[in-house]
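There are two complexes below, and they share chain A, which is joined by chain B in the first and by chain C in the second.
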Partner chain A sequence: MPRAGASAPSPPGAAVPSGAERGAPRTGRGSGPAGRAARRVAGGARGERLAPYVLVAPAVLVLVALRLWPLVLGVNFSFTGDGARDGTAVGLDNYRELWRDPLFRSALRNTGTLVLLLPVAVAIPGLLATFIHLRVPGHRFYRGVYFFPAVLSPVIAGAIFNLLLAYDGPLNRALEGAGLGAVDWLGDPDVALFTVVGVHVWATFGMALVVFLAGFAALDTSLLDAAKVDGASFPATLRHVIVPGLSRTIQFVFVTTMIGMLTSMFGLLYVMTGGGPEGATHLPEFYIWIQQGQMDRPALAAAASTVLFLLMLVVGLAQIGLLRRSGREH
Partner chain B sequence: MGRAGRRLAAVPMALLALATVYPLLFTANVAGKTRREYVLDRFSPTGSPHAENLVTAWTGVGMARYAVNSLLVVVCAVALLLLLGSMAGFALSHLRFRGSGALFLGCLAALFVPFQVIMVPLVRIMADGGLVDTYPGLVLAYVAQFLPFTIFLMTSYYASVPRELVDAARIDGNTLYGVHRRVMLPLGAPALLSVGILDALFCWNDVLIALLVMPSPEHRTLMVGVTSLRGQYAQDVPVFAAGVLIAAVPVLLLHLFFQRQIADGVTAGATKG
Partner chain C sequence: MKRRVLGSAVLIAGVLLAGCGSAGSGRPSGGTDGTLVVWDWKSGDKTAAAYIERAKARFAEDHPGVTVKFVAQPFEQYYTLLGAALRSGAGPDVMLFNGGGRLRDRAASLLPLGGMPAGDRERLAGWEAFTADGTVYAAPVTLQGHPIYYNKALYAKAGLDPGRPATTWSGLVEDCAAITEATGARCFSLGNKEGFGIQFFLSGLGPGVLTPREYDDWIAGKRDWTSPGVRRIFELWKEAGDRGLNTAGANSTALFNDAFARFESGKAAHVVGLMSDVGHWKEFGEFLDPGDIGVMPAPRAAEGAEPALPYDGGIGYAVAKGTAEPELATDLVRALTSTEALRAFHADAGAVVSDTEVEMSGGGPALDTIVAGIGTGRPALHVALSSRTLDLMGRLSQQILSGSAGIDEALRRLAASERED
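Here is the complex of A and B:
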């Protein structure tokens, strides 16, 4: 979760009534105590009728000007040129250039690798939450300790691991002590992406753990007790009781972890690898930053943003679809 | 899982707890060494930790300045977020008005639109408004970024406030603004605390938005300062470690005192869905 722009809470929930569905006192006209009260209020009914709009106006203003407008502008912008061609329509040129750029392709390929690593990043906090829920000795202590990296900035986590993963740092020393060779954690193109993902998981698994524990708290314990009485093995309990019982939580963690991986690795990449070595840790978000901040190619960056937006859209729709389906099941 | 199984599971869990804590302890230990001690032996615990590195990082490098920048921006952003979020949350949860459904759905959709998607045009818009490289500019950028999350959680919290309380306050002669100030703000205190702490963490920990919106060196926030420290003090690792430690301490304190509120905020999104 939560990291700049990343930690998205849940999608439209059935439990959350929007204003329109909720019966609210109708101001000005109508009967009932609210209506009478409104008439008594100084300023009269018109001020009261406008009140909801006044209450939401500042929020709407900020969101339209700084979220919605840039989104519209950005898609538009991605069809214009950079530099000498600034402001002129260039059709799909930026997208063609993206497709030809080995760095962007590498960023997309790395995104694919992240998707493949997703189940691991979800399973780790899931299993840990299971152990904590089953009251492994010291579970209270672990709960507190595991969560603390989650509050650290990716910049801090990255800086700390820069020290730890240095070629002559503690991790390699431990490996050498165990008779294994040292690894160039951040300099080897075959290893660097996995290293960065590992640090990302280190820094975020506490968030997912807390979500899983909340899921467990809402789980029907009688099923778990029944499994215990029946003498079911741990793997069987996991498969037949815990996973089905937590299906919505698991889906939620899947999507938030995916969003986290797509959008909150910037701090780590910026501090740890700078997208290297040889583009091995480039991700779309980092590519956008390089094109905008370093190469002065805002239109190309806008095209990359649009591609990232489409990726996010697929994730969002997938979640809504999954929730609809699980809603039908229950 | 039997008793033996539970004991077995405790082994990897203890190792993981060690892996969680050790990196920070190592950093703290390095920060306590002199440069010479670090070059000779970076691993052994320092017998007598030195505070010089912390002092160098705080005063000499300018972490103090960066910390003030961060604090200023975060406090203003969180105050605005809570005010706008609770106003909109009250309207969305208890009042009937045209466009409320669209606004709520818009906030939900915005949760799926990450900053990277809008950052290029956003910087242009802010440059046109003269907001780039100003404190109000960064505050506004943070408010825009985290407002949908804030509105979403405040709306779902206020939805659990009984309608009768709102009606009663109105019979007592309150305007809707009065209801917001005298009923919703006090009743919403637990949610405001929880959301406020999360918002503060997001803003404090951000680096990308700060890099783009407030790029000049004297406007660096603490996290941007840490990244610049890395280049400057590549040779003097203990000072670098001290800077990292300084930047980490405030959030670690927040975690220590508000662990429950943070967890509540994180899980509210999951369980309300």
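Here is the complex of A and C:
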């Protein structure tokens, strides 16, 4: 987009004429070379004024046609009824039903739990990247191994962990062999969400790890050397040198991890828990899918989608604000 | 930042202002160029290839110039895709449905099948599952039921007579104790991860609890969730969990196909399975000796019950209300339910088909028992419930198993859900 300033175009239909138009002599229509030159100047100015709009038009049209217009239709649809009331305006009935539905409220609570688990999801790749950067023995091997799960689709990762975490699966057999009791990793409502988040982190932390390693590459190594010379312990180095030096990287990973957790868990949930047990792993997107596909309640699903959209908008704006503030600090 | 927040606010305001609630559903357009489009989740299966070919050939005899295009959709997303397609007017002319709530929920988008001749109505069984408010909307292809399968080899190892399974709940519990002691196998293989386990349990064991009158009332929609009979079924569900009769980790085990695999591998002596397509006698026979697979009636767990095979129409083809060629589409449904096509489906897929003229034998004692029970069978209890109640029942059944909800609370919520439907 053109920035406000010297070349800023006037909006189409603006009342104030451009400088070229103001300076042109008022001659009759097609009355001599001076008039033609004036029209050329005026036409050029108009072309210059319209050029930015023409240039951004394809992008704006795509955005409006494929994003904003469907969004408007979707929100509009959420104010209509389902089943016998299909196509009729029902006001806020769908939103009232959502609010009364304990399953949807539980889905929103689970979203809150995911946000609370974010620091763990960020700390794990951060710590592992730190170890690789500090060249622990075998760091080259670990760098490749850690990234490997990132190339697996959520469905494959989910299927693998379904086998590993089955009640009679190898992990529980090992626990029982060690004298500990078996855990119903995917069937206990107090455990299942944490299990799925754990698998999600396992499957996706490789990408965050790469970002952290890139951040380490830009870290001032003289500070690390100085800390080493001063005899700083690892925790002290981490707290006073590494974390402050990587603050922008950490914020970036925070934002991308949060987006991933809120929008990309569907595949894992579908394969690993089906939203259960007892609705304990229901997230809004899963709820939307069930209402649309299984319950034949597309208008209710549209209302839930609108709520999720507003939620993501708030979270997104908060994140952008956070990034801007930290940008100014640096 | 302020500008961004302002922009977002303007966007939301515009979107909300636009929300005057005027959108409605489109109408399926149907084929207008001599082409009929059929949606299903079966036509891509190898075992259904001969069935589809026979049906197409039969249809082509009467309508040689009409092209029939089968589109096989993934079953997991079938109803999502179908709902969206019908709503946007891009739906198929003919489509496959599961019987029961799936069809009844979408009856408004379907054409009443009044054009089916009386001969077809008599030849095919299982129409009730495709009927909503007295109107038939689809023709049955298969019969789907919930027989209780048992492993005769485990019975023999435990010193029990494989030919005489228990006829009462208490007798079954005693037999299971003997089987578990002798073989380590549990009584029931249960998969309730998606909440399907309770549906099969309700339909499989319910006939041993409800009296014929209670049963008929339930099917007719006069359901009393707090009656002693219904309460008894849910008590059995809890008892099976509490006494360790089920395979471990039922709430994290998928019914399709982990629970069935446990039965096939001898880890459980019984499973409530299906009659057609999957989780049935033919699939079990790939791992167990077909002679070792038995089918038993529901054990009696209450006075006055008269157990019968629970079954309904399984899958059936319906015609979209908005199709441009309703007569052609109805003729295609007739071809898809013709005797020669259904005979091929039974032979290749092991489906128990809806056609009473198709000879179904040679599948071992389990199939023989099922076929013998069709004449006296009754509709399955869970098929009468709406999708919404089934979904809630799935979650509540998981809570009952884990102990986080009591039976009374679960039944109260199910009754409330039905009232809201």
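Everything that follows uses one rule, which is that the second predicted complex is superposed on the first by the 265 of 330 C-alpha atoms of A that agree within 3 Å, B and C clash if a C-alpha of one lies under 4 Å from a C-alpha of the other, contacts with A are read in each partner's own complex, and residues count from 1 in each chain.
Keep this in mind: a residue touches a chain if its C-beta (ideal position, glycine included) is under 8 Å from a C-beta of that chain, and two chains touch if they have at least 3 such contacts.
Values in this document were obtained by computation on a predicted structure and should not be read as measured data.
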{"item": "Touching partner for A:45 - first (chain B), second (chain C), both, neither", "value": "neither"}
{"item": "First, second, both or neither for A:318, with chain B first and chain C second", "value": "neither"}
{"item": "Partner chain(s) touched by A:118 [first = chain B, second = chain C, both, neither]", "value": "neither"}
{"item": "Partner chain in contact with A:108 - chain B first, chain C second, else both or neither", "value": "neither"}
{"item": "Partner chain in contact with A:298 - chain B first, chain C second, else both or neither", "value": "both"}
{"item": "Partner with the higher number of touched chain A residues, chain C or chain B", "value": "B"}
{"item": "Touched partner set for A:259, first chain B, second chain C, both or neither", "value": "first"}
{"item": "Touched partner set for A:73, first chain B, second chain C, both or neither", "value": "both"}
{"item": "Touching partner for A:223 - first (chain B), second (chain C), both, neither", "value": "neither"}
{"item": "Which superposed partner A:289 touches (first chain B, second chain C, both, neither)", "value": "both"}
{"item": "Chain B and chain C footprints on chain A, overlapping residues", "value": "68, 71, 73, 77, 289, 292-293, 298, 313"}
{"item": "Chain B - residues contacting chain A, complex", "value": "1, 5-7, 9-10, 13-14, 16-17, 19-24, 26-27, 30, 42-43, 84-85, 87-88, 90-97, 100-101, 103-126, 140-141, 143-145, 147-149, 151-153, 155-156, 159, 163, 166-167, 170-177, 180, 198, 201-202, 204-209, 211-212, 223, 226-227, 230, 237, 240-241, 244, 247-248, 251-252, 254-255, 259, 262-263, 266-273"}
{"item": "Residues of chain C that touch chain A when the two form their complex", "value": "1, 4-5, 8, 11-12, 14-16, 18-25, 77, 79-80, 83-84, 87, 105-106, 108, 193-195, 248-254, 258, 387-388, 391, 394-395, 398-399, 402, 404"}
{"item": "Chain A residues touching chain B - in the complex, by the definition given at the top", "value": "1-13, 15-20, 22-27, 33-34, 36-38, 40-41, 43, 47-48, 51-56, 58-60, 62-63, 65-71, 73-74, 77, 128, 131, 134-138, 141-142, 144-149, 151-156, 159-164, 169-170, 173, 202, 207, 210-211, 213-215, 218, 234, 237, 248-249, 252-253, 259, 262-263, 266-267, 270-271, 284-285, 288-289, 292-293, 298, 301-302, 305-306, 308-309, 312-313, 315-316, 323"}
{"item": "For the chain A and chain C complex, residues of the former touching the latter", "value": "68, 71-73, 75-80, 83-84, 86-91, 103, 165-168, 182, 184-189, 192, 273-274, 276-279, 289-290, 292-296, 298, 310, 313, 317, 320-321, 324"}
